[in-house]
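Each of the two complexes below includes chain A, the first together with chain B, the second together with chain C.
Take a look at the complex of A and B:
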């Protein structure tokens, strides 16, 4: 069968939809280069001043640092917990594995604001309010579905006989997992981890309920800055976030062909 | 090198008895096949021996050591899977070295033993390839090399040839036989292919419904089946039922068979199994008095053999296989022939139930 190329009308319509969806992003990126002190489109003159201002502002730098630490720790924890859970589910080591899988995926279906409120109440009940630890726990909850989804897909696509072969050849269960299972599901895990990183990096609705004054993340800082008025500085930092996300996703696609996992 | 002994081995899945109190002993260096249709429990036995599933009852001994409670990695076993289960992210060398590395082999000793195993399966020079760069037959041989490299005390095969095409299967069968003879490792071979089981094994264990039907040499299993299941499963026999009359079996009026030995009472209903190659067709003119009269219903030429479907006077049909030598008499549908059935090759078993 030969692949049919879409016709002119379909292609133009698709391009139009992409343009419409990406319009806000384009506006923000363009506005970040403006010489004016207010947001304007098209930008008046071209300057990199706003980027310099943002990158020398300790408030922004601190927020970027907090966001990175949070995203890295949440993703690492999610990886360990999510892979362990997925393995138990995929190999039917626990009763009710279907239910368990749905439970772990639930945060994808629940509105983020609801998760935020629920977390806030839960943490104040157990007396864990306002610390960085609570933020990490919350981010694990919202990122673990991405790890579980790609880990389950990878594990179910793998021949169980390979693990059995390793064990018969003298490897204990953990060694068999480390030397055979893990390398085989790695592309899926890399994809899941990058996705989890991006989700944690850009989260507002859950974080805003839990972040204390000393844990302002980058998206929260942008969100609060906007209340004071949108300056090209906000646009510049948003542009940085967009570019960073894009780079991560492109790398992921390059390394793992990861569109298969999302 | 050591023997394998199963005592009252049993496995029950959700109330279904897959394996029922199986007792089986395989001598040192012996090649034994577990033969039976799918669902007969043969793979379940193999997986219990490997330690991949836990029996519900009984015990497994390898070389006199009770391994029933040991995990697979403590049993010193080689296993060749139906899907080969090669590690796709490792080279052929690393696949074969996997078991040796678990035994802490390093350096030149490791290298020489991997190369030795690859030479045994005639894959020298393929060490740096990846499994996906090999053909099905080559992957199969890597799987064998991987299983034998750590010098296991017991070798298990789970339908290893069923994924290969017919020609390759025959080649691998010979290769396997040669390998087993050279290494003399105690071997348990699971298959549903009777030709494979008969030609490879020292002894064949025919299974049905989780029970051993017969455990004998290939010749005995073929020539003297002990149960109706074995008689109908091995070979491609014709099955007729009749009643014992003195020293012969009456199939219906006029059709009487005279087997050489008859271990049944007068008047008992019996099944008679007649192999396709145990019957000679005689032209109408030179029929002996013992020959059974029949008509050719169908003729099918398949190269070395010609298969005839012949119809008896009572309407039942038999399949007869005749060599297709140029000198042999050729029959056409509609011809009347005599069936000369060798008395030694008639297998008579009392009707069960």
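Take a look at the complex of A and C:
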């Protein structure tokens, strides 16, 4: 039996490409511990000063706080609204389910910067620009497609008979959903929620048009401060984000087998 | 009927949010794009014009930016395919024990904050960045190479950002290639390269096409990486829209550019979904 396996050259090339994918990450981490503001090989000396600077700087701390509050609120709201709507579509409770599903996913097809300028003009006109609730709603629009996508996939993948069995045995529809459906679609929802959180945490193109002066999120802060030049503070806060991402990704993989949902 | 009523109740909250803060804002951009803008006076609200759209086609600067955006989309897509296929192949056909670690190493950059990834390339590519320092130290060059705020930086950065999408699409489609067909060809005396060209590659064509469309659409829509690695001078459509709104305050031109860009992405996505449906019907 001759199996088609990648040869030595293909494997080495592929591993090089995988290394290329990690390269900026490695460099940012090294730069955050380096004494000079520009990274050299070998580094000129090691320091934790940049971390101390970031963790005592109220600008950074505020930005981290606002980003977290925004991402958590938008994801929770997207979860509730998205799962409810997906349930109605997946169980064919409303006509035109295919068209409705495409409408809920539409924010994915429009470039984010276009959504950003459209919202800028609209919310300025109705006088809601600069409000934190406006920002949360905007983030629901850009995150909800990820929830809808995973909810629709999980709902159509599960056996409807289980839900019907619960109903026959006397559970009302909400109880059947809570005790039977929800646990079955939970892994998919966790993955969708994680995507939603990540998308909200890294969004610049929509946030930058809507955020008021006191609502600078972390990505906006990094994005605008890089225009002024490279500072080690940015490297330090980036390293914190890298570590957080790594921990969350490994936990999600352990709990739900995250890679199956990507 | 009870079913329909509760269905509408479940759907209504999200539908309302999307209509009120996604659909209506986009529709309200339409009249803006047909207004005239005069520097110093702002948007002139009497009369309509199609000049903003004509400009995109006739003005040399706009045309340069549009062509550059499309060209970047094509190059980044090609690079992602070239770099991504071997990785996907190694993941699906390589040692199963490497599989999960490799998949995680592909997903990790995808989940990492986009701003952080772009910042990493600035640390690497800028004039006093790691690559230039290294090349100067070992004496290969005397002056720093210009790797950033130009095409080179943009190509490297965007390829890095969108490569994971391509790899994951290709992995999904490689998994569907039946190995017996390849084994049969091998038994009948085909060389490995011939098997790849005649069997594996054609059978993964749907994955190649959907991965390419995804990467192309994402590349032409990208704002953050092009601005961080292209700077304020080397513009693409998304960064130009950003400047029209934030710096030049020429909203009508920005709106016309926005519609042109959105029209391109929606058209490409729509055509590709029609194409895949037709193929599914043939199979």
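Here is the rule we use: the second predicted complex is superposed on the first by the 250 of 262 C-alpha atoms of A that agree within 3 Å, B and C clash if a C-alpha of one lies under 4 Å from a C-alpha of the other, contacts with A are read in each partner's own complex, and residues count from 1 in each chain.
Everything below uses one rule, namely that contacts are C-beta pairs under 8 Å (C-beta built on N, C-alpha and C of every residue); 3 or more make two chains touch, one makes a residue touch a chain.
It should be emphasised that the depicted structure is a prediction, and the values quoted were computed from it without experimental measurement.
Per the definitions stated earlier, placing chain B and chain C onto a shared chain A by superposition produces no clash, and the two fit side by side. Contact with chain C, but none with chain B, is seen for A:93 once the two complexes are overlaid on the shared chain. Of the two partner chains, chain C is the only one that A:21 touches; chain B does not reach it. Legend: residue contacts after superposition of the two complexes on their common chain; A:166 is shown touching chain B, with no touch to chain C.
With both structures placed on the common chain, the touch criterion links A:238 to chain C but leaves chain B unconnected. Shared-chain residue A:204: touches chain C; no touch with chain B. When the two structures are aligned on the shared chain, A:114 is found in touch with chain C, with no touch to chain B. Which of chain B and chain C touches more residues of chain A is settled by the count: it is C. Once chain A of one complex is fitted onto chain A of the other, the partner contacts of A:230 are limited to chain C, with no touch recorded for chain B.
When the two structures are aligned on their common chain, the gap between the nearest CA atoms of chain B and chain C comes to 9 Å. In the superposition on chain A, the residues of chain A contacting both chain B and chain C are 173. Contact residues on chain C toward chain A in their complex (touch as defined above): 3-4, 6-8, 10-11, 13-15, 17-18, 21-22, 24-26, 28-29, 32, 83-84, 86-87, 89-90, 93-94, 100, 102-117, 119-124, 126, 128-130, 133-134, 137, 160, 163-164, 168, 179, 182-183, 186-187, 192, 195-196, 200, 220-221, 223-224, 227-228, 232, 238, 241-242, 245-246, 251, 254-255, 258-259, 261-262, 265-266, 269.
Residues 1-7, 10-11, 13-15, 17-18, 20-25, 27-28, 31, 38-41, 81-82, 84-85, 87-89, 91, 93-94, 100, 103-104, 106-107, 109-115, 117-123, 125, 137-138, 140-141, 144, 173, 194, 198, 201-202, 204-205, 208-209, 218-219, 222-223, 226-227, 230, 234-235, 238, 241-242, 245-246, 248-249, 253, 258-259, 262 of chain A touch chain C in their complex. Residues of chain A that touch chain B in their complex: 159, 161-162, 164-173, 175, 179-180, 183-184. For chain B in complex with chain A, the residues that touch the partner chain are 50-52, 71-73, 75-79, 81-83, 85-89, 98-99, 102-103, 146, 150.
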